[in-house]
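Data block below; observations after.
Every chain is named by a letter (A, B and C) in the order it is written, and numbering of its residues begins at 1.
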Amino acid sequence: MTEKLKLGVFELTDCGGCALNLLFLYEKLFDLLEFYEIEEFHMATSLSGGGHYDVALVTGTVSTRRDLDLLKEARNRSEYLIALGTCATHGSVQGSVELPIKEKLKAVYGDEGNPMHALDPKPVVEYVAVDFALPGCPYDKREAFQALIDIAKGIEPVKKDYPVCIECKLNEYECVLVKKGLPCLGPITLGGCNAACIRSGLGCIGCRGPLPGEVNPASEYEILKSKGYDDEYIVRKFKTFARWEP
Amino acid sequence: MRYVKLPSENFGEFFNFLQRLGPTYGPVKEGKTHHFREVKGVSEMDLNYTRTMLPPKKFFVRPRERLFRLENGWWKEEDGERPFVLFGVHACDIHGLKILDKVYLSDPVDPYYSKRRQNAFIVGISCMPDEYCFCKSLGTHFAMDGFDLFLHELPDGWLVRIGSVRGHEVAWENEKLFEEVTDEDLRHFKEFEEKRANAFQKEIPQEGLADMLDLAYNSPVWKDYAEKCLACGNCNMVCPTCRCYEVCDSWVDAYSSVRERRYDSCFMESHGLVAGGHNFRPTRLDRFRHRYYCKSYFDPSSGFNCVGCGRWDEFCPAGIEHVKVLEEVRGSLR
Amino acid sequence: MTGNPYQSHDARILEVKDLTPREKLFTLRFIDPEINESFTFKPGQFVIVDVRGFGEFPISLCSSPTRKGYIQLCIRKVGRMTKFVHKMKEGDVVGIRGPYGNGFPMENMEGSNLILVAGGLGMAPLRSVLWYTLDTGKYEHVWLLYGTKAYEDILFRDEIIHLLKHGETMNCTVKMAYEIESPSCIYLERGFSERVCRGVVTDLFRGESFDIENSYALICGPPIMYRFVIRELLNRKLSPGRIYMTLERRMRCGVGKCGHCVVGTSVSMKYICRDGPVFTYWDALATRGLI
């Protein structure tokens, strides 16, 4: 075995779930450790590399100056950077609030003071070029595993290119949009989650962002309207995770 | 063909016998949808179903399946196929399998499909159409072959058509369960079929359809519907004759890998995309039309690539109706 | 081949040669000597390269079946798989399955003139034809009209220049058009002013007279090229049945199952991998979307 690749996991502002999700790979983590050395991952090691990373995983949105500095650091020191999770790829819920930061501060704290140097929350992709974007709230850990092994073996990871409906049908889940009239964004949302929400009888909330390419939100909008959902509800649903498209 | 009668009171025992042939799959209702699931007893099934969500093709080409696993740098074929019983298959789906046969059993034979086809004992069952069915207009409402046994509902049991040597063997071995068919049974059979024939609400007039569609290539109707279409691929997944698949290698651990295939959809942008970025079906309109053309392709030896099962109409989130689109396209040419 | 048609055979990379900055020529030999001996194909057929654990991709054979014991593949670094394969070295092993597709009807064309029209990477399958014709000597005269972007993009440059110089002695006329001017191209043009020019491949027809009654055209190039070349050939009264073209689509399985390469409409559907990739212009007229 040649020298192992150096891996860094960097967390910006997020719930922590995306970083934790890596640890949920459990025994598969050891497969990754065949190829990688974890140099920076505050949930898993007290090491703090500060050097060069072959692969950097970045989770969360850029919401403060500290986030932005950390992101730039990660980008400058890494060969291959993956935006991991919807916060990093699309801005997620944090990025969906539309007011400028000053107004938000005022609304919440009553004044515009900004001791934390908060910024308008934006996804990683808005600030730096990324080599791979893996959305999901959280992302599918098996997809991250495949991507990391692929990179270790010297091949580009595979991007998903189909909507949630495909995996939903492959798993034979009952269509909640057609059969229950639930607001399901599956037809226009990038798949790869194995239709986890529909498995639980819920509609897709669109957490992986819109399917890239010629997606048809207009028709989805009409369908939801015909099922009795109002404009505001639908628009909000569309924007919850993906106000910022990569 | 040999015809026998299975009286209602022997149905359970007959079913129990079938279970000895292998795991038995039948239509089961879950929520508002039917699925073919493994069943242990008659009571678990809902034989009055109209259509399952995924057609029985899922037993022959699985939604996801492992083709190979990597061992010492070599692909080893996945094995472990066993005989099984597919109970309660409708005529349209039997025709669907025959269309798949033409693809998967033509040279070179797909070994996975062919093994499962040989392992399957298929029991067909009669049905009543709902508002989506249009099999009659395509001639796929009655199966002349492609099954081992076919059960036709009678007031007091089932008229059984025997369609294969294995079907004969099963009937032979269980002779005590079957009776001769009487004139009265025949009358009931005929009545049922007449009632059924009159129950269809939808049809595709076949005459000249293939040519009409080809001539209507530039019809604005395609465009109108392509704007409505979500390109989500649901119609492909549930179609008994859709057979596109995608192959993907994936890592099971650091050093071993498997090759899997899964159903693919011609609505995906990647479907016609070649390395280098050229897409032979670049727009949703191209892909929408392609799917209709594929389903309406008329093969002189086997007819259309559509069996009129109505799954598309039932499961399309955008409510696009197959027959209506074809009628409008044809109409736009008139 | 019996058994599982999706199973590939081990082949060792004997040589990797840079053809252009984007294309490499891989020479391979099947490890099993029996397969190596029995493997044969027709010019225009393709194989599927299987890098086990990573994926597969189709690629046309660019060597000739007249040269036994090895096969050659010209691979452009363009997608996920081909980028990976470009990193492979001599001695590495890949899987190969095939050959697939119909190939050019070489035997039917014996004794005739062949007009090979190649654009860009389309040179690869036509190189197989070219070698085949030169090796068998069963064809009256062979023209190769080759359109390329720039000097650096000329595939099999040494061979092409050799044929520019000496082709006539083998009843072979090579003509070349380039789009981007460079000193090397101008040098070539000076040396072979009759046969090298700046322009596109259709410009190479100018001033050339073919015995059209006794000719076949074999075309391979980017999708945009076909219409222009075919128009040129039809103007010269070449029968549509004598115009052969080899087409590219997304071929996954290679054996007419997976559906990605299907083209056509309700009256005519073709699997490029099984019914093609070589089609006549009649086929193109009968099947919408073929070209």
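Everything below uses one rule, namely that contacts are C-beta pairs under 8 Å (C-beta built on N, C-alpha and C of every residue); 3 or more make two chains touch, one makes a residue touch a chain.
These numbers were taken from a predicted model, which means no experiment stands behind them.
Asker: Higher C-beta contact count, B-C or A-C?
Answerer: Counting C-beta pairs in contact, B-C comes out ahead.
Asker: Taking each chain's centre as the average of its Cα atoms, which is closest to the average over all protein Cα atoms shown?
Answerer: B
Asker: Farthest chain from chain A, going by the mean of C-alpha atoms per chain?
Answerer: Ranked by distance of C-alpha centres from chain A, the top chain is C.
Asker: At what distance in angstrom does the C-alpha mean of chain B lie from that of chain A?
Answerer: Whole-Å distance between the two chain centres: 38.
Asker: Taking the mean of the CA coordinates per chain, how far is chain B from chain C in Å?
Answerer: Taking the average C-alpha coordinate of chain B and of chain C, the gap between them is 40 Å.
Asker: How big is the gap, in whole Å, between where the Cα atoms of chain A centre and where those of chain C centre?
Answerer: Inter-chain centre distance comes to 43 Å.
Asker: On chain C, where are the residues touching two or more other chains?
Answerer: Chain C, residues with two or more chain partners: 53-54, 80-81.
Asker: Which chain A residues touch at least two other chains?
Answerer: Where chain A meets two or more other chains at a single residue, that happens at 158.
Asker: Do you know which chain B residues sit against two or more other chains?
Answerer: 248, 251
Asker: Can you list the chain C residues touching chain B in their complex?
Answerer: For this pair, the touching residues of chain C are 1, 3-8, 10, 52-57, 76, 78-82, 93, 95, 222-223, 248-250, 252-253, 255-260, 262-269, 288-289.
Asker: Under the stated contact criterion, what part of chain B meets chain C in this complex?
Answerer: Per the stated touch rule, the residues are 67-68, 70, 73-75, 77, 103-104, 106, 108-111, 209-211, 213-214, 217, 243-249, 251, 257, 259, 261, 264, 266, 271-276, 278, 280, 290, 292-294, 296-298.
Asker: Which residues of chain C touch chain A once you look at their complex with the stated criterion?
Answerer: 53-54, 80-81, 83-84, 87
Asker: List the residues on chain A that touch chain B in their complex, please.
Answerer: 28, 30-32, 34-35, 145-146, 149-150, 158, 161-163, 165-166, 169-172, 174-175, 177-180, 186-188, 213-216, 218-220, 222-223
Asker: For the complex, give me every residue of chain A touching chain C.
Answerer: Per the stated touch rule, the residues are 153-156, 158.
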